[in-house]
Amino acid sequence: MLLALRLFIYLIVIIMLLPIMMSLPMALTAGSYVTFPPDGLSLKWFIRMSQDLILMETIGRSVVLALFAALLGVILSVPTAFAIERGRLAGRTAIETLITSPRMIPQIVLVLALLIFYEFIGLAETFTGLVIAHLLITVPLSFRTLHVGISSLDRRLEWSSAILGASTARTFHKIIVPHLKTFLIAAFTFAFIISFNNVTMALFLSAIGERTLPVEMFNRMYVGGMTPVLLAIAFVLAVVGAVTFIVLDRTIGVLKYLSGHN
Amino acid sequence: MRARMSDLSPAIDRAATPTQELRARPTQWGALVAPMLVLVFIFFVIPILYLLRMSFAEQAFAKSVVPIFGVYSLENFAEIFGDIFFLDMIVNSLIVGTGTVVATLLISYPIAYYLTLTRGWERTLILVACLLPLFVNIIVAVLGWYILLLPFGVIQNMLSALGLIDGPLGALKSFWALITVLTYEHIPFAVLILAASLQNISPDKINMARVLGSGVYRTFLTIVLPLTMPGVVATVILVFALSISSYLVPALITGQQVMVLPIAIFSYTSYLLNWTLAAAISLILLVIVAGITFGLTILANRLTRRGEWEIV
Amino acid sequence: MSAHETHDSQAGLETAETTSRRSGLHLHGLKKLFNEQVVLDNLNIEMARGELLTLLGPSGCGKSTTLNLIAGFIQPDAGRIILHGKLANQLPPQKRRLGMVFQSWALFPHMTVFENIAYGLHNRKLSNYEIAGRIEEMLRLVRLPGTGEKFPSQLSGGMQQRVALARALVTEPELLLLDEPLSNLDAALRKEMEVELKRIHNQLKITTLLVTHSQEEALVMSNRVAVMQNGRITQVATPLEIYNQPKTRFVCTFLGDANILEGVVESKVKGVAVVRTNNFSVMVADDNDRLQAGGRAILGLRPENIEIATTDARTADNAIPAVITDVIFKGSNITYYLRAGEQVILVLTLPSMSESPHSEGQQVQLLFPKSSPLILEDDEEGDEGEDV
């Protein structure tokens, strides 16, 4: 019985890894089309990819967008999380719900609403509009991460510091910030990943000539079908994603964080 | 575990704590929250409200302003519910959502269970494999599945060209493809929730059931399942909502073969430029998601008599 | 009550087997390793029908492991587990027909008290009426009548513990396993439950194996106590015997307080030995010839067996001069800390209305007869542990 379970699990593990790994052998094809098995082996599509200026531009744009969204998100979330946790505001739960609600509705509905709204206030197809949209969907996560971090602060450490004569600023700097460091990094990184990988929002809200990487890939596939260049990019993205996961786990124990109370 | 400031009376903790922040009054805290609230209010609440308003408007050409106090009309909904095409779409979405949920649960529950049994590298391997879709761009996964499903697609076209099969089989295969990829994308969420839920069951309780004479099946049905029910319900709600809202996967995997609501929203927004209709379809999508959420939560609570007891 | 006869080599195998069939539990040569570490080492236990045997020992001695092996949650690396006369090693827990109460009680939070208790009756083919009747009976037994429709989260700790007990007993198991069942209760409740458990055991006469680290529970509730240390049983006896005749230093100090005196046997004449410690000499009655002249001796002296005398008028076998360093009033007794040379000694006396207690700094004589010191073995010494 346990053996059957194990077999099942390993089968699933293989199936989970398969699509992500599929892109590599296909991208290494020497031929011109996507075939299985690949038509000889060559790195030419990877080279073609790095020479594709438009593609490189979209990667840059995606990175900048994600940086903005993540940074602004964290900057907004920190004081908010502090206020929710420490201040005695009325309606704390309501505020929390409000902040996280953009993630609770279907993203396609949210993006339509934003599109229409942007049209009327002139933010349609602008970078700013896209940043704001990404803020809406990343802030819930960075807020929650920081909230967990702040509520796990032991107040008695701060009081000890104050009793020993430290000013508020010093206490903040020496006691609070080190504790929050991990959470800040986690919040920033999760926000970055969500923004970088996001397709739906960028699809609707970015200008034709100013696509982000996922949108560019989507478009090429939608219009021109599958090409080896796409697979080359896909593989690179897969590796980046996997490496990020492993690095996150090594540094801030993200597996523990995601898998709950361990 | 931590000292709870809210437990002490305000007078006491004001006297006891010298740090300046606690001497701040609510208005100063309010100032910290304000930017966030402004952001969410302007760029979320208002747009959504406006979207709702638009769905109840007369159909207009895109980009024309629909005044808030203008004409309200059920025109859009009449069109949707009067057209078999739309009704088909709603049914398709529901089928896709349900199928994805069932498949995701059937796969993720055993995985979550197995995770409570292993440690070390095996556990890490399984977790990494199952959580990878969260970190790797969805496009990569879709491309990968496209390649994997291509043989099926090819086979399907071949068979239909040979006249061996008709349309329905083709559509069915597309459904399966869609559900497969959507399940793939949502296994991480399910595994996370269910693993946490299963972890919270003390092994003592399972052992106790065994001593009292329960075999594996009875223990699962009478102890494990009821105690993980909140997790199961949360998973169902989340996966259902996410899968019927997915635009990318249907667009790239099945194209026009399986029409689901998000595809219609996209079409009416970007190509047909009928934003009021798109808004109406969005509202329907919202209502379905909300309905499932509330309905399932209440149903599950009834079934497990939750609210009368707590974990002990 | 004593099962030692069955180990008598003169009794044939047949007798051993018949006795096994009569008793609920027989552990033979049980051995268990965790990560190369020996947790249980050649454990032998045989319980007489209807007795309450306590496995008493510090954390890590292997007592919970023993319970888990008997219940079937883990498998032994060697040895046999015989339940109800049959070899049970391969039986899964659900087929072993045991009753068990965990330290955490493990009540099912999503079921009512009634459903919790009824859980074990599902395959007995009883009618609903019969089941209800049994449950009512159980609730009355544990003094919780009428709580059937409550959920565990609505009950206090003491009540939850009794529900756990009722759940274990309702199936009328032939062997009841209790794993530190009182540890989660506060002190007052614990004392109350010790007496309750004893009462219930006397009424039902169910063979019970209790595991605990609390000497008080062991002494209050047991028919026999087996002291466990490092995976072995050091001594097994009735509570009275084990308190008054401890075999080793460990048993002596684990049950009750004791002053441990170590020294060399100076002389041994007609069953009376004189032991010289670093600070004084002690006269010890040694009827069983356990001490040899010139050999080492470890003696245990219970604080309540020592008398404090302020004058030289009293005589006793032993009169040791000492000075009082601390007087601690504990309500029901007074504990004196004294020094005789380098040795610290504790003495327990009952407070009295007429005598004024002795005070700090006072020079006194410690009196005790030669029958008071207990002759102890060192731990780690020789034998393979006792068979229960």
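Chains: A, B and C, in written order; residue numbering restarts at 1 for each.
To be clear about the criterion, contacts are C-beta pairs under 8 Å (C-beta built on N, C-alpha and C of every residue); 3 or more make two chains touch, one makes a residue touch a chain.
No experiment lies behind these values; they were computed from the predicted model shown.
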Practice task
Starting at chain A, find the fewest moves between touching chains needed to arrive at chain C.
Solution key: 2
Exercise for the section: Could you see whether A-B or B-C has the larger number of C-beta contact pairs? Expected result: A-B
Problem - Mean-CA-position distance for chain C and chain A (Å) - result: 59
Completion exercise
Averaging C-alpha coordinates per chain, one finds the centres of chain A and chain B separated by a number of Å equal to 17
Completion exercise
Taking each chain's centre as the mean of its CA atoms, chain B sits from chain C at a distance in Å of 56
Problem - For the chain B and chain A complex, residues of the former touching the latter - result: 2-3, 5-6, 10, 16-22, 24, 26, 28-30, 32-33, 35-37, 39-41, 43-48, 50-51, 54, 63, 65, 107, 110-111, 113-115, 124-133, 135-141, 143-148, 150-151, 184, 187, 192, 195-196, 199-200, 216, 241, 244-245, 247-248, 251-252, 262, 265-266, 269-270, 275, 278-279, 282, 285-286, 289
Fill in the blank from the handout: Residue set of chain B touching chain C in the complex reads 202, 204-205, 207-215, 218, 222-223, 226-227, 304-305, 308-312
Problem - chain B-facing residues of chain A, complex - result: 1, 5-6, 8-9, 12-13, 15-23, 26, 34, 36, 76-77, 79-80, 82-84, 86-90, 95, 98-99, 101-102, 105-110, 112-117, 119-120, 132-133, 135-136, 139, 143, 151-156, 158-159, 162-163, 168, 171, 193, 196-197, 199-200, 203-204, 214, 217-218, 221-222, 226, 230-231, 234-235, 237-238, 241-242, 244-246, 255, 258-262
Completion exercise
chain B partner, complex, touching residues on chain C are 71-73, 92-100, 102, 104, 106-110, 119-120, 122-123, 151-154, 160, 167, 171
